[in-house]
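In what follows, chain A forms one complex with chain B and a second complex with chain C.
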Partner chain A sequence: MFVARSISAEHKDLIHDVSYDFHGRRMATCSSDQTIKVWDLTDDGDWQCTSSWKTHSGSVWKVTWAHPEFGQVLASCSFDRTAAVWEEVVGESLASTQRGQSHWVKRANLVDSRTSVTDVKFAPKHMGLQLATCSADGVVRIYEAPDVMNLSQWSLQHEINTKMSCSCLSWNPSRLHLPMLAVGSDDTNPSAGGKVQIYEYNDNIRKWQKVETLMAITDAVHHISFAPNLGRSYHLLAIATKDVRIITLRCLRKEPNAGANPGGMSKFEIRQAAQFDEHSSQVWRVSWNITGTVLASSGDDGCVRLWKANYLDNWKCISVLRGDGSVSNTAGSSTGPNQLGLAGTGGNFGGSRGFKQGGSGQSSMWY
Partner chain B sequence: MANLKEVRDRVMGSMGRTMFTHVAEGPINALSTCRDGSQVVLAGRNVFKIYGIEDEEFLERANLRVGRKLSLNFSCADVAWHQLDDNLLATAATNGAVITWNLSKSSRSKQDQVFTEHKRTVNKVCFHPTELHVLLSGSQDGTVKLFDLRKKESASTFHGRSESVRDVQFNPHRDYYFSFASTHENGNVLLWDLRRPDKAERFFTAHSGPVFCCDFHPDDKSWLATAGRDKAIKVWEVVPYKQIQEVHCVQTIASVGRIKWRPQRRYHIASCSLLVDFSINIWDIRRPYIPFAAFEEHRDVTTGITWRQDPHIFLSCSKDCTVYQHVFRDAKRPADHANPMGLCFNVKGDISFAASEALGGGGRGKGGSGMYASTRLPSFFRKNPDPTEQFRSVNSNLSVFTNRTQENPTAMDWFVKTAENYCLTGRPLSELCEHNAQVARQLGRHQIVQTWLMLKLIFAGLGTVSDKGVVTSPSLGRIVSLSTTGGQGDLLDRVSQHNETSTVTDMQEAKSTEPPGITKEKDPSEPGEAEPKSALPQSQATDNPAHADLTHVHGDFFFGDGEGGGAYNDYDSLPNMDHIQDWTLPGEAFQPRHEIIDRNPSPEELDRPDSPTSINESETVSLSNEKFLKGTVLSPTPMNPSFLDVRLMSPLVVDMLHHYAEQGDVQMTVSVMIVLGDHLKDQVEEQIQEHWLMSYVDMLGCFKLWMVATEIIKLSYLIGVPSVGTLNQNSTSIHSNCNHCSKPLTQKGWLCTRCQKLVNTCSVCHHVVKGLYVWCQGCSHGGHIHHIQEWLRTNRQCPAGCGHCCQYT
Partner chain C sequence: MAANGMEEDFDDGEQPEITTIPDPHLRLGISARWGTGNQLAVHAALHPPQEGVTSGIQESPLVHEVRWGTQEVNNPIIRKLINETHGTFVSLQHHQPDTTTTNRKPQLVKFSRNYRSVIRACLMQLKQAEESARDDATAEEYGMQVEIYRMVELIWSLCEILFVETLPGGVVLAQLLDWVKWHFNEADGYANEATTSDTPHLHDSYWSAVYLYVLQGRNDEARKLLSLDPNRNMDVYDEYASIDELLRKMPFFTLYTGQSLAEFDMKWRHWQDECRRRYSEGEFNTNKNLETICRILCGDEDVFLDLKDLTETWYQMLVSKLLYCNPTVKAFDLQYHVKACIDAYDGHATLQPLDNILLAAIEFDLHQVIKESSSLLGNWWFVAHLADLLFQCGQLESHSLNYGSNLREFLLLDYASSLMSHPSLWQVGASYLDYCPEFGRYYLEFYLERLPLQTERKALKVLRECEKRDMKDISHSICKVMGVRALRNERLGSALSWALRSKDASFATFLADRFLSEYSSKGGFSSLDLLDNLGTAMVLSDRLTFLGKYREFHRLHEEREFKSAANLLLQLLTNRMAPKKFWLTLLTDALPLLESEEVIFSTQQTYELMNCLEDISLSFRSSAYLHGDTADDAQLKLTKGQQEVEKQKLDLIRLALARNLARAILSEGSLE
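Entry: the complex of A and B
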């Protein structure tokens, strides 16, 4: 059972984003009231606001943490057309090193956009300290801090013109594959074509190239998220549009001479793994758990729904969490025992065949 | 009937459409409509025209910029159309002239009067709302002048001593007939009485930086809105004999050039920016963060806004040489694009969820109070017909869902427990499998349990089966009894029994499989190899004493095997051993690593018992493996069918590794990979192995399981993924500066090449520090930990006197 704990956030307007840090012990919220608040988990399990400061002169759309390897660093983006990088400064006085108020300093202000910056995300750690932003006029910008110790210096490495009003982006976290970005658009005109574009970095020409447009998605996309890739051979992409979509991208073998052919792009087999319209209309957010096995989505119905694939790779709703904290586990309880039963019979280890079955039956089981 | 007509008029009025016209002459600085709003005058540096506003388009009615000599008088900074007399216009010229125009003149030039009293540009002209002949002008020269149009010169001059005047505005309310406001570049707003030019009635500092504009509220007599370069729009409550108070403040994204209250909407105000932002925003001052509506038609800075009486239609002009009519139907609603909720998983499977109260995020019974009612909420929320009333400050509720029960699919407790309790090396493979199966069983992960047991059967089990015909096989018996009882106490007994019976056979095995040469060669490395193995039981001794003993006993075997004597039989042997080896350094931490680096990674050698898969098992397995490797080629011994099984199984196991990885359980993949070690050698691409290992190490990092992560990194060497294995050896050198002369120490860490002194003496006692040395990274001073502690108890700055505020955190 999920236990809901309500936090009095005391933002003066809508909260647009919440973001956990790498270890899940800190949380940042950002709001239209132009502030960011940082929350720390106390030893008794309460969330305590340790910092709240005015960040932008417009709504702050997104806030995101950098990998702790780079320090305690946040990035935010705003309606005021800027993105900013913030670093926590360890207080000089003893009082602030104890659980008091911490101090965040603006290290960089990225002012290249001419319209609202709608999303900002740090690249996966193995790519170094890189930052991608996208803006309402359709430009995705990739910044890099060449010196990870100097957070005030960011050079604009790439500008990608997506030719659609961008609302969200997501890095592919896989270290095995080429750097990849997915960009979504909240353009409401369905005839404007696919609303999700996939870009891949081509090492040979040192450019980002569009490798795919998901033509199946023609409604406004509000959020997009790659699942953590823990050794999976394919990529999972969750999309929040008027419904929840889960897309698998399987990298097909490259052309034999991809290395010699500088324009060679990866090809993907794209499959829609799931589509749910249980949220009555718009779906606003999607988020993966750390293993990329459970997807949470939230929509206009005010609920959080959790989705999980069973052993046949059918995605099912396993839980519904209401905004007021109540939990209705109807979906979960109906499929739960069933799954258990299946897994029980799956444990047949007669021979190699049985082993395989057991292996696949496992997916429904492990908690 | 009249009533009906009114309604129709209103609807017709709001039926206007968004339209624009392009003025070829150049940018437009200002616009003003006539009384009934049917015509608009546009003024700019090169523009002075009147357009009629038709239903579908703008129609040019007159061009006032005529005459032989187009003096600077025609270069307009502002224009005002009298609201009582449709023929009367006034312009503010950039050369300081204030000019009035009479449209009823029969001549081609409509210019009426010219007042050239201001010394610099006139920024603003304003007619009195009810007096026909009264005109105000505000200029860059810092003065406001009042003109009576019946006279040839100004009636009075108001000098506020507040720098340039950016805006002047009559108070439109009858009660304040004599009152007007002026805004200044130094941030002041002055309220004047027309009859008292010597001194402002009231004044207050409204903004930091120039105040570009002000606007009296059309209905609320006490409200005055001001805006300026500080990007803020502020609403002031101005009540006689009371302190002037700021009642609302809207923070916009760029300096505000013009503001205009929206008619019939008490809380709405339109604004446009002086630079950067080309859009016109309509704000609800009760929700000062997101514009209620935005109009983004202009391609350059908007310079003027005027409402057409109807609250749904307004005109704007811009530096992009266009004048637009905007209707609310075509407005953008930024709030609709604003994400009303945030959602995030953390590593432990908690879900943080923030949602607008209006979307049921609250459960406080406030449903329908949000601004999404118009389009998104089900129909019963749509009762309230006026969306503007619903656009109010909206709050979000933040809640965190946590779940610590095992049934929860998102909780990650199993991961942490598994990572901590799994045993990946240092013991026979079958025991590792058994142990790990046990760990999984305790967590209720039956599939994993079965997998481990299967692995044991395939690799350890088959290996012993193969030996069965050749030598007596104590291992098999052990497996059987283990799986039947599983009790840890029993284990110990059994092992001690096994101890007696198997020493001989093990030695025989070793001798029979390995040529004497190799055995000898192996000898020198043994002490070093023994260390990690005997260290392991210590780490586990707390939770699992039986296992500790078990491994330890095997350690004894090893020595018995290698050195031919069972000299060390108890725990005391560990320190003894150190003593006997007479190591000068506490080198146990380094010794094995160098062994690893220097290791020749030939398969034969890796298969030898000193590989991390430990003694008993690895002997039997290495036996089978060597047979497996060489047997087909060299050894004439008849093939045992079970070898085929191992070979058949390996691809299956690799499949299984992939399967677990696909399922997101990279922990299982990596654990199996490490436990099986060389059994899977070369069967998985190194790139993929590295991917798995790094994924797992990253995940362990998420949970702060640094010890486990380090062990995995260390072990990844042994399974042949050095790229991961070197992680722990990255950035181990610390460059420091001489604490005398601050020269960076490049070659030696203890002697400065410039000052030829020993560095890193204690900054407090100036002696060489032996043992723990604390060191400030900022100024590279430091010293004995006690001395520094003592110093910092009473001081904040560095003891060396460098002025640095040292931080030891």
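Entry: the complex of A and C
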């Protein structure tokens, strides 16, 4: 791995979340400084900040992009107890904006929560324009814009009381399965039970139902993420808790009379595919690559670890990233390719000639 | 989860690669998120995130974009390798075995050679680039690539010998000799040094060259070099002539000469007996150098140890030793001769990754070859192509890997993924995914949908790839993204053409409405070219049909085809094709026709128009009409002033209709 570039984000405080858009050419950052910044990839491959605006009256925890079929749309959530939907507008008040700058308009202000809104995520595209939020008081809310061409109309469709302080949520991206959500709690009391709940939308009764609680996970959960499903027969859920967990959920056949019995729920065979305590402390973030084959986990040991399964489904750490604590000399908004010499085991070729492994052309592979 | 004893292999204590990021803020905490492709955004973060707790950082926080192993793809030489081998890969997939395995083999060998020649060309270019590099960093970079592809070539050619070009009877020595000659030509270097000096035979390298030639079975070259030694004494008994004769007469086994193995074996024994005889008779006692050569010819174990600095590696020693001790060795038996050679070079403990790969190949452990290669070379290209070739050769199954095709696909998926993230190689990547039967299509859909669509041209290119593979959902989504983007930029015509392309009825309806309201507010249409040429595409949605017909009405009107225009207008109203909120506009459009000198609307038609007028004035009164179909749309509510204008309009139309009715009755009556 190598650092391609370092971007000076110009936030006045630390960044809480970074989110790439569907095509990976736009990036949004949010921070305790209450602003969101949108970055666009220029033709030269540099990130240019095209918009920065104050969004909330508290720390902005998360920022996330909607599918581009719905336009250029962002959602954010904050300590100020609200979540908001933003749309980029073109052509409005062009005179007042600088060249190359874009303008974002607040389309919706979702104020139903009475406590800090800890996570916000758009549903997978095939479900239309839906948005889930969760908050510290334990309520998951599902909003929908019934007319996808009108982003200012959002209605609160469902409220789920999870009875636990929610820290994070994740939609199952699979189109083959019923709409599914996983919710995690950062309640630190292990005796309060499982900290990850799985909900499924039942079309017959038009309600979200809890289908599973992962009893094996009793420590505080800080982040969860379903892996994209590219033809797998089961769902993969990564959990950041006191260690990294990877859980597989295999949907068992629904009860045959599920149609007649409107309350019929899917049944799952739940397995732990991996558990890693290499961070040897709390894990705060798990993130899948777009094919769901590599997981990045960030922990209190100051490391980002990449995990990959081989074709026998054995997971292994393939790479580690960490800060070195030295002062970098980043000037301007972006520095050029920064190649770091990497430590690696020396190979040997042809006897006497030494072969130096490492450097920018190298990458760890694992199959 | 296959539990087949392979699992412990994965707990081999291999350490993950560690990358450090120079950023003091990261001491506070770290957080990472994947982007599209092989890139991660890494930034400092405070855990847990708490309101009111500030980090106290002085400088702006940084976001580090970290890439995972796609760097070498940016090298033009490597890119050439990728493109050229892509062709070979595709034809290999289409190559159908000619029913029998015997016919298949030469073709597969050809494919393997083809790959190898591309690797060689790549290696040459990398070397050239290394030599002509402007700065040290570039040179080092290329130097590293040269080392990688040198190893790739070495491993590939050994695998070709052992797994692809397997000869009947499994006799491999001739091929191994070629392998060693091809990759290790130090002998030529030594020979060159010696012959270019004034006194070749006294040069330090002279004997090294001779020995190495003999060790590699290059006897003719050795003889040539020996003939340069002026110490040859022609008068007395000439030991040079003796060794020359032995070298000349040494039998080599070659297939296709009609010689049987037993026949060769007999000849060879006879020859070596002769060597031993001359040695034991002390023919070379006076000349240590020639004696050494003779000991090699006799297959004297010790002499190989003495010369281990010349053979450099255990595998070169192995080949030399086999040449003189066991020339008819079978491929499967190679592994039994390895240990002694490795011990000569300080044993197993000192083996480097490359050694392990070659050793695994000799032990016919393909799984290990691929595993070690992936971690040593960090190069998806090599393992993916090698695994595929071995799979096509039937080698992946026959070596007790019942998941052979999965391994191939697994590696191909990784390789293709590394290409899909690249702006100009994604089409190559897509083509690889086509040949991954289990997951390829899922991957491809996923990647195609996410390809950045910077321009319409790029979008059309991606669409063509989707259409080739009949991926309707993806095409639909791409068109929608492009359409929505055009709409946001107020390019209605372009948006509509994207909707038409993907036959997206609801989007087309939405856009037709936008065209109509644009007409209502501005009194004209944009994108006339498109609207005039909708043709059969207009049946996609009722609203679009109306839009198309309505535009046709305007055209007829402009072309002074008043009669047809009037008929069309009436038709739009009576068959309820026009949305109700648009009726008033249509009736207003009828005004000039009603007022024209010639009577255009018949009495019957006028009655129908009057019906429509009554219809809307009723709803106007009940105010439902003005709210459109969805009664809650507040934006459509008109102001008091606007309502007044509408009312005047209605009165005006009513008057015109009445006058036209009178004229129509008159003219129709007079015709009769």
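Criterion: the second predicted complex is superposed on the first by the 311 of 367 C-alpha atoms of A that agree within 3 Å, B and C clash if a C-alpha of one lies under 4 Å from a C-alpha of the other, contacts with A are read in each partner's own complex, and residues count from 1 in each chain.
Criterion: contacts are C-beta pairs under 8 Å (C-beta built on N, C-alpha and C of every residue); 3 or more make two chains touch, one makes a residue touch a chain.
Keep in mind it's a predicted model, so treat the numbers as computed, not measured.
S.K.: Please indicate which partner A:Q34 is in contact with in the superposed arrangement: first for chain B, second for chain C, both, or neither.
M.R.: The answer is first: A:Q34 touches chain B but not chain C.
S.K.: Return first, second, both or neither, reflecting whether A:S135 touches chain B, chain C, both chains, or no partner chain.
M.R.: neither
S.K.: When the two structures are overlaid on chain A, which partner does A:H23 contact: first (chain B), second (chain C), both, or neither?
M.R.: It touches chain B and chain C both.
S.K.: Touch check for A:R305: first (chain B), second (chain C), both, or neither?
M.R.: second
S.K.: Please work out whether A:G58 is in contact with chain B alone, chain C alone, both, or neither, and reply first, second, both or neither.
M.R.: both
S.K.: Which partner does A:A4 reach: the first (chain B), the second (chain C), both, or neither?
M.R.: Both partners, chain B and chain C.
S.K.: Just to be sure I read the superposition right, which of the two partners does A:N172 touch: chain B = first, chain C = second, or both, or neither?
M.R.: In the superposed model, A:N172 contacts neither chain B nor chain C.
S.K.: Of the partners chain B and chain C, which touch A:S280 in the superposed model: first, second, both, neither?
M.R.: After superposing on A, A:S280 lies in contact with chain B but is clear of chain C.
S.K.: Determine, under the contact definition given at the top, whether A:I15 touches first (chain B), second (chain C), both, or neither.
M.R.: The answer is both, since A:I15 touches chain B and chain C.
S.K.: Which chain A residues lie in the overlap of the chain B contact set and the chain C contact set?
M.R.: Residues 1-9, 11, 13-20, 22-24, 27, 29, 31-32, 47, 58-59, 61, 79, 90, 116, 125, 186, 222, 228, 230-231, 282, 284-285, 287-291, 293-294, 296, 298, 300, 302-304, 306, 318-319, 321-327, 343-344, 346-347, 349, 352, 355-356, 358-363, 365-367 of chain A touch both chain B and chain C.
S.K.: Of all residues in chain A, which touch chain B in the complex?
M.R.: Checking each residue of chain A against chain B gives 1-9, 11-20, 22-24, 27, 29, 31-34, 47, 57-59, 61, 79-81, 90, 92, 97, 116, 125-126, 167, 174-176, 186, 222-223, 228-234, 280-282, 284-294, 296-298, 300-304, 306, 308, 318-319, 321-327, 336, 343-344, 346-347, 349, 352, 355-356, 358-363, 365-367.
S.K.: Under the stated contact criterion, what part of chain C meets chain A in this complex?
M.R.: 1-2, 6-7, 10, 15-49, 51, 54-55, 57, 59-72, 75, 137, 140-141, 144-145, 147-148, 150-151, 184, 312-313, 352-355, 370-371, 374-380, 383, 403, 406-407, 410-411, 413-414, 417, 438-439, 441-443, 446, 450-454, 477, 480-481, 484-485, 488-490, 510
S.K.: Taking the complex as given, what residues does chain A use to touch chain C?
M.R.: 1-11, 13-20, 22-25, 27, 29, 31-32, 47, 58-59, 61, 68-72, 79, 88-91, 116, 125, 149, 186, 222, 228, 230-231, 282, 284-285, 287-291, 293-294, 296, 298-300, 302-306, 310-314, 316-328, 330, 338-340, 342-353, 355-367
S.K.: In the complex of these two chains, what residues of chain B are touching chain A?
M.R.: Going by the criterion above, the answer is residues 231, 251-253, 276, 287, 289-290, 334, 337-356, 359-364, 372, 376-378, 393-403, 405-412, 414, 444-448, 450-451, 453-454, 648-649, 652, 655-656, 658-666, 669, 687-688, 691-692, 694-696, 698-699, 701-704, 796, 805, 807, 809.
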